[in-house]
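First chain A sits with chain B, and in the next complex the same chain sits with chain C.
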Partner chain A sequence: MEKAIIVKEWLKTRLAAAASMVLCLAMAAYAILKINRLVALKGADHLWMIMLLKDNTFIDAIQYTTVISAIIVGIAQMAPEMTQKRLKLTLHLPYPQMRMVGLMLSVGLAELIAIFALQCASIAVFYSTLIPASLVWRVVLTSLPWYLAGLIAYLFTSAVCLEGTWMRRVVLALLGVCAVMICYLQPAPEAYNGMLWMIVAFVFLLALLPLGSVLRFKEGRQ
Partner chain B sequence: MIMKKSYRIFIYAFGVCALAWFLPWLYSLAFPSAASDPFVAYSPVADAFVISENGEVPSIRIAGSDRVYSKEERDSLLPQIYFTQLAAREKLPDSIAGKEVSLPIFKHSQWVFSSLPMDINKVQPQWHLMMESMPKRYELEDPDEAFSLSDGEVRFVEMAGNRVDEKRSQRFSKAFSEKGFAYPPRHFSANITARKPYDEGYLIVDDAGALFHVKMRAGTPYVAKIDMPEAKCAFILENVDRRLLGLVFDKDNNLYALERDGYRAVPLGIAIDPGKQRMAVMANIFNIVVRSRDNDGADWWAVDADTYSPLGHYRYDYPESAASRAAEWIFPFRLTFTDVDDSYACPRITNVSFKALALGSILAAIMLVWGVRRRRDASQCAAIAVCTLVFGIYFFIIKLLKV
Partner chain C sequence: MDNNVSRLSGEPVIHVKDLSMRYDGGRQIYDGLSFDVPQGRILGLLGKNGTGKTTTINILMGYLRPRGGECRIFGEDIRRLSPATRSRIALLIEGHVQYSFMTISQIERFYSRFYPKWNRAAYYELMSKLKVSPDQKISTMSCGQRSQVALGLILAQNADLLVLDDFSLGLDPGYRRLFVDYLHQYAKAENKTVFMTSHIIQDLERLIDDCIILDYGKILVHKPVSEIMSEFRKSAPENPDPYIREREPSLLTLEDAFISLTGKY
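Here is the complex of A and B:
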């Protein structure tokens, strides 16, 4: 049954995941080309100077791609459940309902994590030819809150799509905007180091939201 | 059932947090309460602070006096600042307070330095740029090497090729160990720019609080240990007059002027926490004025430029605006994730106000009446009332939205 659910979710989201992958990799390539251009025009030492003196990581171009990708995958996965009344059918399958929703979310999260990992790795591999590992790690740590923002956006999108009442949808969407904004408040490199574990814990807690929306759907709140 | 309860608690808790963050921010946006400092400088003519306020009624006066001065009179009181005005009006004297003065002397002796807590309270990179202090062609050039002190040794990297310079790394490591440098360093200070008159490299505070002066001269290390009490942080100065090498704070936040010749550290009798207060130093031929600012107000200290003896102190408290007083009655606390004094993101509860309990009580009473009318059970009514009392307007709005 698990395999069937995973295949079902993959069939639903593969196009969206592919589009998200293209978006994320295209923006990573854009950031890399910009860095490459800077190195070609002014030399690698200029890149070092700007990184160390101006606190610039040169990867600002990718920061919102994670959230956009997550919203695309979330809508592609969860919107058909409500618009085509599939959720009722899904919940009637001979499988524990909460595990079913959990598995659906896991598929979406796994796709996003794979996309984000690929984007992050492409930038880190490129940077490792120009700067030492500790500075590459600084760039990765600076971008980590953006990836977590993507996961937050996905879980809120799922919760909004699975929610039956418009009032609650609006409230969830506003809370989602707040939660995503938190990850973009401080642009300084490694500013979120002390808070990363809190955001990770928050992502785990957010899994409650889509599950709660399904519970409310089951209660007939539409 | 547990899932449903957890879901509701999570929604309420996150809703309260989001409102505690958003509402006070919206309020401060709608009712800005900016406080600005007057311009304060020490007059060598009147031997007192001159305060220029740019309020609704601009005024220029001497501290402790009610007499209001004109701009022309102020120019004469502060010749070290308005010397171009005085020269243009041919009113610049040959000497002031027993010192010979002229336009070149004023220009040569004045400098300004400022530091922000935000620049100290941040995750510093492990790599630092090293300039050549004695360049072959005499003019300073942009650095082409960076160094790191993070792994218990000095490691130099040639930036263009990202290659470790083994020889230089070994030479610097040896020089550091000979001077007894304790890794890892606590604080670094350097001005990395070719647009300065000369390069003095770095002032570095090591893990034991010892202060070191480090620079690269013709590719070779120059490392000097400076004799002074345990240091907290240091700021290098590379001014035209070449008199001071830097400003240093000891572990008790006492400020020292560090002279370039002989590395003499002179206590200025001023205590500022550079990690919490914004500092500015304005020096001239007569005096050095140090300003520190925090959220409550600003302090100015003046010391003699030659002897460093104290000349005076002036304090200005920021007036509390009606909007911020009203906010204390509305918001029980405020949740923020950033602060102007650091470059970290983390949740912090600020502006806790017990005055907001009054509004909380009224809202709790409304909630109780609403609960009784809707025939909710007593324990549920009590829980809602207590939450409204503690979290005030934030919880009330969440309840109003019927989430």
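Here is the complex of A and C:
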């Protein structure tokens, strides 16, 4: 049954996931081209110097792609469940209901993590040909809050889509914007190192949010 | 509890007692609604628009919390239906909602994983009448074809209870009749229980054993169709509607009885 649910979610979201992957990789390629151009014009030592003295990682172009990708996947996966009344069908399947929703969320999260990992890896591999591992790690740590912001955006998008009343949708959407913004408040590299674990814990807690929307749906708040 | 136990114990498949429903800030749908659906019976829930047919199905399937009352299916409280019990209930949602991003064969494979008594042959037998390829996506089909896919999936589940909300929506007359005949034969041969609503009453007359006619806020009639028709035909000569009064009683239909009871509008 789990395999059937995973395949169903994949069939539903594969186009959105592909679009998100294209977006993330295209923006990663854009960032790489910009760095390449700088290295060609001024040399790799100049790149090093700017990274160390000016706190620049040269990957700003990718920072919002994670959130946009997450919203695309979240809407493609969850919005039709409500607009086409498919949630009733899904919840009627002979499978524990909350586990079913959890599995659906896991598929969306797994797709996003795979896309983000690919984007992060492509930048890290490129950078590793130019700068030492410690600086590559610095770039990765700088981008990690953006990836977590993507996961937060996905969970809020899912909760908003599965919510049955407009009032709660608006409240959840506003809360989502605030939660995502937390990950973009400080632009300095590695600014979030001290609280990454807290953001990770927050993402785990947020997974309960769409489940709450489903429980309210079952109460008849539609 | 399997079919035999349910039949022997005499416990109804669906038990509704003193159900009351009111939407938040809205009008009362009904109050004190009670009925049972025994094993092996086909019950049609009829009523004008807005009398609470789909609401009743939503409550029975656990998608609405009623204000009060008790609902049980196969002896289980509908608020806590176990997956095992849900596997015994085939549900057709109003509008024949399905996973339209799947193809005919993908959706068959998907459902077959959930239902232990899945009948693949029944599904493909109905699909063969559609003249579409197994690789065709459901979203690219016509409304009527999508309805037929949904009905095929319902029958293939081989469930003990079929809950069909407005099953005739979007079906052409030929397929509607085919489905009614098929469902009647299937339900009687396999001792299935069916709880259904439809706006096309002439279909139901040939299909259902018992009938509940809902009016705003209450049940007007809950009787076997044969009883409703025999009483209606007997009283037809005194009916205030000249169309019914002047018609040969044997030609009167359940639809005539329904309109006579509920009014034209």
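What to note about this one:
Everything that follows uses one rule, which is that the second predicted complex is superposed on the first by the 222 of 222 C-alpha atoms of A that agree within 3 Å, B and C clash if a C-alpha of one lies under 4 Å from a C-alpha of the other, contacts with A are read in each partner's own complex, and residues count from 1 in each chain.
Please note the rule applied: a contact is a pair of C-beta atoms (placed from the backbone, for glycine too) under 8 Å apart; a residue touches a chain by one contact, two chains touch by 3 or more.
What you see is a predicted model, and the numbers here were worked out from it, not measured in a lab.
Taking chain B and chain C in turn and counting the residues of chain A each one touches, the greater count comes from B. Judged by the touch definition given at the top, the superposed model places A:130 against chain B, while chain C stays out of reach. Once the two complexes are overlaid on the shared chain, A:37 sits clear of chain B and of chain C alike. In the superposition on chain A, A:217 contacts chain C only, with no contact to chain B. Of the two partner chains placed around the shared chain by superposition, chain C is the only one that A:95 touches, whereas chain B remains out of contact. In the superposition on chain A, contact of A:85 is made with chain C only, not with chain B. Using the contact criterion defined above for the overlaid structures, shared-chain residue A:198 touches chain B, although it does not reach chain C. Partner chain A is touched in their complex by these residues of chain C: 58, 61-65, 83-84, 86-87, 89, 91, 93-95, 97-102, 106, 109-110, 113-115. Contacts from chain B toward chain A in the complex involve residues 3-4, 6-8, 10-11, 14-15, 18, 21-22, 122-123, 125-129, 142-144, 146, 148, 150, 157, 159-162, 192, 337-338, 343-347, 401-403. Those residues of chain A that touch chain C in the complex are listed here as 1, 3-4, 7-8, 11-12, 80, 84-86, 88-89, 91-96, 217-220, 222. On chain A, the positions that touch chain B within their shared complex are 43-46, 48-49, 51-53, 55, 98, 129-132, 134-135, 138, 145, 167-168, 171, 174-175, 178-179, 182, 185-186, 188-195, 198, 205, 208-209, 211-212, 215.
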